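Quick notes on the structure that follows.
Each chain carries a letter (A, B, C and D) given by its place in the written order, and its residues are counted from 1.
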């Protein structure tokens, strides 16, 4: 079996343009609350391309790309984000709690909870629909959450048809995951008896291959597998991440963050200032690293996958996807009475 | 450094005789609730022999042997078991909730909770008392509990002076732990970045050596270690374990357990009885294995350690320990007004 | 009607549900032994042994329920729900709401509960008040075999999460495992009418949220459930000697409450005594008080039950758990007698 | 007295406590950024970054507290306490009781709470009712900077576990992180008097369990806390137009309750309205009703707040969270006016 580059690219493009549209709606204040966006389209597309009807997905707080890559109707999705009663969940779920029963897909904002939820989907598949599988998506930060660790064992002990996909963007909000994580995630999964592969999460073809292996194992009743996909994190933890604003609006943010830090540096006993300087430095370094990583655009998964197909196809697919997303957004805005073209 | 066989034997003998005394009190109905006893004296003694004042212990539902091996006052211990107001905890804790502030030792009946509790003790040691360590004891069944798995990571990430001791008796109540556990526990601990050693938990000298290594690492600020000690389980999960009663009182128990199982075997659709027979067989097998393991007395850790010292010393130590325990029990019964010698 | 023990009645109903509906499965620690008759009948796929990973396997129950099964997940003792609380608070009970009513979670959580045999407060809690504090849940607490069977049937048939609590003093095997251990040297105050009784065969579903008037009086309305209900009935008999006729209502579920029956019984009597084995603070008794107050029923009110952690010593435990003496005294005080 | 934001006041008090007592440490996810000023002052040992392992690090907080530290453990949002519930329910709050009073747990759990910015019901809960349902805990919910600082001081000085809840509408940085994200295109209904105010320097401890009469009336007693308190004050002002003078009581802690002030305010007014942002069922409002009923105060009673999961859409959220309109209407009804 070989990947179909056009199909994969279409999934990715739809996902990316939806993310961009959501960012725009969010900036305009039409979406409330936190909004976590991603550049994880390659992971989403490469995995969900293997799913068929009856397969299930358990998603985390970055749940739109897998849903969009899998082909969810865009209008109810956008209406949901706008809090509209015709939204996917009647406006009651919002972006961290998207539920699509038809696609057997559920998301949750509690870090780690997508793992056991996926295990439950896999239990049902085992019982009701031999050959069907479940996928859980989560971040590397979630890998220290007890219920996820328990699930590694449960999935192995029960030989569940479960694919565990870790999107390793190296950060959990402002924490470098490495600094709070012992050992190594691949070995960790294996030590529970789960076969594991590492993959470059910006390369959709590589993700596709790893997922072919993992989904194939699950369908054949050979139990769970683990995929560790490295991904960039380009937009901070959520939109408007205050740490990234230091770079976008340096003046304003530095004025906000700086003075209290200086006060802390010089607070009593002032003699301690020498000890404190390196700590201030540590904070500064975190900010710098966060900012610098954001600029690693050369790793943009969408651009990288473009090379897998011809220029003409790329342009056609992008155009179609862009049009589809745009129409859905406009239609959603119009239905929400919020100033679409016909408002 | 070499182990002191007399010291170790004394710790073990005290622990064993206390367990026997508790079993007796329990049989006489003077102790209420569940009562989990152990033949894990070698693990307890081999580990706690390394502890000094200011070291802490977090214990599970089998918490008397480490306390006794460490030298806790026996009278308040027995009074606690009898529910007396002068007991270790005023009669309010009981055998699963023994707290001894002087020895920085706390037990908990929630499986797995001794791991993070020990981590907290280790945090305090790190902060308040450099060179002091904490030990967590737990069973192999607890190794699938999320908070314990999280603690492996936390201990590694924070480089805590924590010794994690797993008493692997291969069973969690009636469940063969292997049948619900993926991978391998030693690898599991190592995959979190925790150095690990396996040891025969019936050989106090071997346990002592492993503990010397682990406690030494912790004292030196080199972080957590893991010891996997295999132990027999000779008394069922708790005293009066109904599954073991099948062997002790075969007639009565078979009458209780048998007929409902036969009804289940022959319930509608009766045609299914053929499928059901092997399941009945599985239950029978579990019972048999549980019963058989109970009889592996040749692995009794106390007898095995006797060979480490001369006959005369063994007899002397046993006699002293037996006298001490007996006196404490009698005194406790007398204070509890429950028919000791002076009642 | 056959007579059964409380424990038999529950597994009788569960077996019936499993026979009727292939989607009903059960899993949890030690279930192949605890539910060995069901294991023999339905096999390892439908009666499945779990590792000691309540957080994962309860959340897996949520997922399984969403994807078409009807899992009955056993958490050995309700106290242990604490390690799996997220699966209830943030997952199971949120999904119908978050999905705009489009997705539901037909999950039963089965657990033993309650004290009176000396295991102390980490293993003898009731927690139905705490559990009832999350929207979207039902918490049933049967007090006799027929209700136990009927409520188990209804729980399995419910489209939304139900916690089914099985009191250890009523379930002979739990009490034997945990309290007696085959000893004849201990005895426990087991309410006979709760531990054994007639059960319709096949069992009749008992609707969740319908209370039952267990005794008709009119001078005072005593509300309770589970084991405490039997203590109330005993106290009510004694109260007759003081000329007090008591209504005793078996609430049957801590949540939802049967407002209608509570209000009618309370309104007639003008005096309400809530007897609860769960912690009194911020729980069932408070909710009852609020329901009464909201309805404008200004009854005299009192409650009997524990404010504190349940101690180990049997004597201390008896002082904390609701007993006949304290129920009677509280009732007398409410009725203006000197207790 | 210097003026501070609500958020500044908390860290001001915590910084003071850390300066005074070496045993005070804080850990949790992202604390080196969230508490970066404290990090600069006290370093990585006393302000320690944790993995996303709430169950382990909260239980580690219990152990650390038992062994001589005074940890302030941050659980980013109170909703996440569900994954660490055992550490509170079965460990922290049990140890004083189980040890016969010989060992205690001076632990502070700090978490943000509350809604009104569109994050929906898995991230906007209050849960103080649920938390108060376990014996041995205190749950404080400040409504203004001075109280926030004073209660934080008392929490750190407490010998027993205290949950300190910081409402996200009052804490500017939380609201910015989670709601605004630097946007000028959204706005939130932030009560000005709660988000900023004078704080004594050094801060004065506010005793835990002492309520405050925030407004004196006498026709009706409105009881609330946190953000809702400000909604009540606003409603009370409007109620004056209807000739109704309202007591407004800031409970300050969901547990313990200040029975004295509640009873005196309720007894005088004869009408009690509990306004709660936490789920109404089986929580604070019920406990208040029971306290009143037990004391024989037969007041007219109503409550305003959510019965259900908080929905995502801002409009729907507004319908569920207590607001001035519904408070006013409930008060009018209680006072016999047509609302």
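Brief remarks on what is shown
Just so it is clear, contacts are C-beta pairs under 8 Å (C-beta built on N, C-alpha and C of every residue); 3 or more make two chains touch, one makes a residue touch a chain.
Keep in mind the model is a prediction, meaning the values are calculated, not measured.
Counted by C-beta pairs in contact, the busier of B-C and A-C is B-C. Chain centre most remote from that of subunit C: A (centre = mean of CA atoms). Centroids of subunit B and subunit C (each the mean of its C-alpha atoms) stand 32 Å apart. Each chain gets a centre from the mean of its Cα atoms; for subunit B and subunit D, those two points are 41 Å apart. Annotation: 44 Å between the Cα-based centres of subunit A and subunit B. For subunit C, the set of residues touching two or more other chains reads 50-51, 53, 55-56, 79, 82-83, 86, 90, 94, 97-98, 120, 122, 309, 311-312. For subunit B, residues touching at least two other chains, in rising order: 89, 91-93, 97, 108, 110, 144-147, 150, 153-154, 157, 179-181. Subunit D makes touch with subunit A in their complex at residues 15, 19, 29-30, 32-34, 36-41, 43-44, 49-56, 79-80, 82-83, 117-120, 122-123, 173, 176-183, 185-186, 309, 311-316.
Residue ranges of subunit B in contact with subunit C, taken from their complex: 26-35, 80, 83-85, 89, 91-94, 96-97, 108-112, 141-142, 144-147, 172-175, 177, 179-181, 238-243, 245, 249, 257, 260-261, 263-265, 267-268, 272, 275-276, 279-280, 282-283, 286. Looking at the complex, you find that subunit B touches subunit D at residues 56, 58, 87-93, 97, 99, 101, 104, 106, 108, 110, 113, 115-125, 127-128, 134, 146-147, 150-151, 153-154, 157-158. By the touch rule above, subunit A contacts subunit B in their complex via residues 144-147, 149-150, 152-157, 179-184, 187-188, 190-194. Contact residues on subunit C toward subunit D in their complex (touch as defined above): 55, 79, 82-83, 85-86, 88-90, 93-94, 97-98, 120-122, 129-130, 132-136, 255, 272, 279-290, 292-294, 296, 298-303, 306-309, 311-312.
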